[in-house]
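Scrolling down, you'll hit the structures one after another.
What follows is a pair of complexes built around chain A, which joins chain B in one and chain C in the other.
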Partner chain A sequence: MHSQKLGWLLLSPTIVILGLFGIFPFIYVLWVSFHSWNPFAANPGMIFNWAENYRRLVFDPQFLASLGITLTFVFFAVVSELVLGYILAQALLKDFPGKAVFRTIHTLPLIMAPIIVGSVWKLMTTPSIGIIPYLLRSWFGYDLNIGQSAVAAFTVTVIMDIWHWTPLVTLSLIAALVSLPSDPFEQAQIDGAGKSQIFWHITLPLIRPAMLATVFIRLMDALRTVDEVLMLTGGGPGSSTRYIGVHIFKEVFPKTNYGYGSAISVIVLYLTIVVCWLLYVGLIAPRVKRG
Partner chain B sequence: MKTRFPWLPVVLWTLISLATLFPIYWLFVISVKQPFDLFSTPDVILRSFFWKNYQDVLTNPTLRGYMLNSMIISSGNALLVTTLGFLACYALTRFDLAGKESIFFWTITNRMAPPAVFLLPLFLLLTQVYRIGDFSLADSKLGMILVYCSFNLPFAIWTLRPTVEGIPKELDEAAYMDGASPWTVLYDIIFPLARPGLAVTLILTWVFAWNEYLLAATLTNFHARTLTTGLSEYVTTTGTAWGIMAAISMLTLVPALIVFSVVQRHIVAGLTFGAVKG
Partner chain C sequence: MNYALKASALALTLSLATTASPAWADFWSDAGAKFKGVTLHGVTESTPPSNYIRNVLAPEFEKKTGIKVDIETTSWDQMYDKAIKDMEAKTGIYDMVYIEQDIIYSYLARNFLVDITKTLKDQPDLKAPTYDDANFTSFADYFKDASGDLFGVPMEAFLKAYLYRKDLFEDPKIKEAFKKETGKDLKPATTHAEYTEIAEFFTKYGKDNGMELWGTTAQAHTGHPASWYEFFESIAPTFGVYNWGIDAKNNYAATVEHGGAMNGDKAKAALKYWLHLRDIAPPESTQSTWTETATTFAAGRVAQGLIYGENAAWIASDPAQSKVVGQVGFALPPLEPGVLDDAKAGKGYIGYYDGGAFGVPVTSKNKEASLLFLEFIGQNEVQPDWAIAAPRITNKATFDDPKVKEMDVKLGGFYTMLKDDGKLFAGAPPYPFHAQVREATAPIFYDILTGKIGPDEGLDQMAAKAEEELTSLGYRK
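Take a look at the complex of A and B:
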């Protein structure tokens, strides 16, 4: 009575749409990436040029610089979010007055559009209208100018990312911590283990799978950060916050260099997959297998 | 366990909440400031309300058009992905299809790629390939509704699958005994029971589509531009109209906030992509 035909019929719209807007773009971009194609150049046709685009890419200092600062950004942001998120998750396990309200407020940034987050932080940090540069100047005499200082712009993007995404880490770690068995902790306390010993030898190994899943999600999302940064700094000053997504956005369209732009897209996709796959194989899969 | 300072967490969390809320409060402050007040000494306390920015945004025909586009695109997309995701989950959980686990996994992978990577191919496909005569998907609302499926449809399938799977199969069997068709089972048995899950999926996919910026900014020029792209226009073209920009941001934020308060509890599972459950 369960005809296979009907099952496929029900699935077909999903497969067609994801094919047209997921798989086909990928094949198309792969194909274009082996051509030289700039519709507004002297020679607007598509010319097959083997792996010339990729050869150029490997030696492109702008691309490599963008890749480098992306990884630095991801490292600082994700590590801070993990530490902070863990501390806040632990703090939320205890009962105290108003906990539900505080937890709700803490979750608030999650639902905000990245572009709005970018505009909020722009309004706070732009000298002349922002409150943060004003306070820093009057309290510490420090001149914060994200339009001029590369370090300041980078730091503000990291802080913005922490503000936006720490709640996600907190919530996932709460879910993990709540489901932990209590026996090992009681046993450890009876044996007279210290707080740090309990953390390193019991809590951390037990929540490791959840922790890694969280790192995985944050890493993937941080690698593709575009909207916030585009809004806040536009990739500047210079190219100090030109993270890889911003780089693609700025490189591909104004220059209409479609062949080369496609090659960048393919490489970035490839690198994302490799990073995620390495993380999965190296950290998550062995754990799953063992238990 | 008794703590020695019962008020300490309250104090600390009040500070954390202030840090979380302050940026949003500052957005509001800027949005209700008089233009000449903007560049005077920044002040945390609100002394007057100046609603003209909101008036300007709400009466500006271009921005109203963007708002309408945003509404149409996110509602159309949320309805489409929830319906298709529901049908797909029904097929994946109730039918014996060859390789259905691989199909399920494949749908999920569609969401993992960085969207920036797909800007160029989607732009080229929409403008050059996906067209029939004069009809083109480029810069159309229908085009954006379909493009947003690439990240929302995997999400809908991912969140709906446990819901549909959790509905006891005995109910289907009983209905089939009474001579029901698969469509009646879907409509009369599964749909009513899956309704809470469908509502959450609908709302979350709506928010994701409403919040999207990058694809909308690249794939539309006029007919299908959304509110989020309007925001960036005010930063670049007019030498940054701060008050207007803040007012648009607030207006974009409000629907998401309302939705947030409704489905707050369910949001975590959605945003973490179900990964925490394991």
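Take a look at the complex of A and C:
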């Protein structure tokens, strides 16, 4: 009994912080999402409007378009980061000249603030002064202009995200790979298994929990990408990179449509939980059951 | 004895003279003494005038009063975001906020700001002898309420002017080529047809001669509000479409059907004119906001363009940042017939008179100290050096200062234009729903820019969307 009280006492600062910065804001956003509230409307007060904001969402083509391109963005970015991150993790487990320097340079983007990443990529992709359009024109005769081409803008945002976040995947997977037991690998080699068989039947199943945890983190991050894209394209050209985070930002801040913006935020949170749950159920739960 | 008497009399006279000397000599230290230990926090957009406040005026004020001033200079949208959230949540983080003249009507509608006129009247001890509302230019009118009370001390004011390259316009070879091609003399355009002709000529000239040179700038970002503003605040008025084509006196009508002008023939002609210019502008134009058009001009990549005046000084005079120093000419924007007459008669305007002020949020915890700082930056005394560092004039006396006059020559007459023709330009319309209508219609505007939708159809949709948003906000009945 005494130890239980002490446990709660020790936990209480965490619970208070969680309540203040996690639970209370969430409840507040949920509360606002059931209201019509625009401080710059003729009536600036909060008006309870039942589930009108949620009903509106279903028929809002701009929201649906945003959601569609966000999911496409997340798919390309996260899958690429996972594949590239794994390859780099494997490479960094081996010794090669300049490994320490490469590892440091590779990790640098991770410590950069997203707004800086967006600014740097904007500079690098501006047609008149950017190094990327210059090289593409010199080497391939291709004129890159992310202010004109929706495909180019989308692709650049994906590449920027990969550049920024692959190091996180690499570091997570290095940690997972070095902690693997050596027995199954030695056994497989004695049994004459090939590299591909070892990868699919031993390495991948063993690092799956770490890989999935990394995917969850990246998935949640990618679904709420705002600063980098806002700085690079502003959501354009047109609405081609108006990802859901950018859409919420524009709805909530310049437009001050707090009620509707909150409803979108709640739905995005719900979708994130659903996607993560589906991945967990599909990839981890069956193994746990079998185990 | 006689000597001692004389010395005493002299000492008495000196002492009386010191005590009787004008209060203003020591006003700042006296006024500041009450606020010892206070640090004022301000947020503003990172512009040359704001940077001057942070780097020069704030330290000077601190030296005189002992009140510390911490000015945060950030991006335009961050500045709004932070200021509005602070005032909305009543957290009182900021003691001073930058008020662009297009947002003040929203702030006044929410009672966010301290009434400067009333406060100084009610607390005369706060009033600095060197500060007077009457010293401001007419630009201060944008920061007054219906009763004429001031809610912001103007700190930057400039025109979006027509800049052209004098070296190109005066080059005999180019003049001859232009004459040969068009049959006309090369001189700054006064009409849209002339401007287009010159722009087309220079774009072709650059291409033919292997030069990185185009005929015009275009602030045509395909995902940033800067392009929306360039059209509605700089281009549409020159075609006679004022106040974004929304008629406030007619139930905020935007569509032609209901009496508005957002999708009228003039607006559609203006948009087609501008889209054509965008197509012959440098490739970076589709990513250009207000800053990048200035950079493009300063890099010598265009022959002419509409540029925000806040950049005029460094473009025209700073060789560290500009390749066209001493080669910049200023003119009024090209106009459709009748627009200049409208402007002179006060029925319209020919372009954008941009700028901002510093105001005190009612949520500030240091209102009196903040007002002192606002008075400090509003005095005539600090204006000339500020106008040299950043091309802004908010006080009438600044125009006559010898240093400013000298700078005016370097700037090709920009200050003279501000003084003589400033009245022909106008700030944003007095709408409390500024950002809301812009954001509601902007996605359609961006679709027009990418060619996803035609200009006529796009403007029809924008006008309908504007009315829908105004209805939803409760302004349109």
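The rule is simple: the second predicted complex is superposed on the first by the 251 of 291 C-alpha atoms of A that agree within 3 Å, B and C clash if a C-alpha of one lies under 4 Å from a C-alpha of the other, contacts with A are read in each partner's own complex, and residues count from 1 in each chain.
Here, a contact is a pair of C-beta atoms (placed from the backbone, for glycine too) under 8 Å apart; a residue touches a chain by one contact, two chains touch by 3 or more.
Treat the numbers as computed from the prediction; the structure is a model and nothing was measured.
For the composite obtained by overlaying on chain A, chain B and chain C cannot both be accommodated without a clash.
Contacts of A:Met112 after superposition on the shared chain: chain B is touched, whereas chain C is not.
Legend: residue contacts after superposition of the two complexes on their common chain; A:Gln62 is shown touching chain C, with no touch to chain B.
In the superposed pair of complexes, A:Val275 makes contact with neither chain B nor chain C. Of the two partner chains, chain C is the only one that A:Ala41 touches; chain B does not reach it. Once the two complexes are laid over each other on the shared chain, residue contacts for A:Leu20 go to chain B alone; chain C is not touched. Of the two partner chains placed by the overlay, chain B and chain C both lie in contact with A:Ser128. In the superposition on chain A, A:Gly238 makes contact with chain C only, not with chain B. By the document's definition of touching, neither partner reaches A:Leu180: not chain B, not chain C. In the superposed model, B is the one of chain B and chain C that contacts more residues of chain A. Looking at the shared chain after the overlay, A:Leu82 reaches neither chain B nor chain C. In the three-chain superposition, chain C clashes with chain B only at 238-246, the remaining stretches of 40-48, 202-210, 238-246 or 256-264 being clear. Shared contact residues on chain A (touching chain B in one structure, chain C in the other): 122, 128-129, 253. By the touch rule above, chain B contacts chain A in their complex via residues 1, 3, 6, 9-10, 12-14, 16-17, 19-21, 23-24, 26-27, 30, 38-39, 41-42, 44, 84-85, 87-88, 90-92, 94-98, 103, 106-107, 110, 112-125, 129-130, 146-147, 149-150, 153-154, 157, 176, 182, 207, 210-214, 218, 228, 231-232, 235, 242, 245-246, 249, 252-253, 256-257, 259-260, 264, 267-268, 271-273, 275-276, 278.
Of all the residues in chain C, the ones that touch chain A in their complex are 77, 80-81, 84, 88, 106, 109-110, 212, 220-225, 282-287, 292, 296, 299, 301, 432-433, 435-436, 438-440, 443, 446-447, 449-450, 452, 472-475. Chain contact summary for the complex, chain A toward chain C: residues 38-44, 62, 122, 126-129, 143, 145-148, 150, 233-242, 250-251, 253-257. Those residues of chain A whose C-beta lies close enough to touch chain B in the complex are 1-4, 6-8, 10-11, 13-15, 17-18, 20-22, 24-26, 28-29, 32, 88, 91, 94, 96-99, 102, 104-116, 119-124, 128-131, 134-135, 163, 168, 171-172, 175-176, 209-210, 213-214, 216-217, 220, 223-224, 226-227, 230-231, 244-245, 248-249, 252-253, 258, 261-262, 265-266, 268-269, 272-273, 276.
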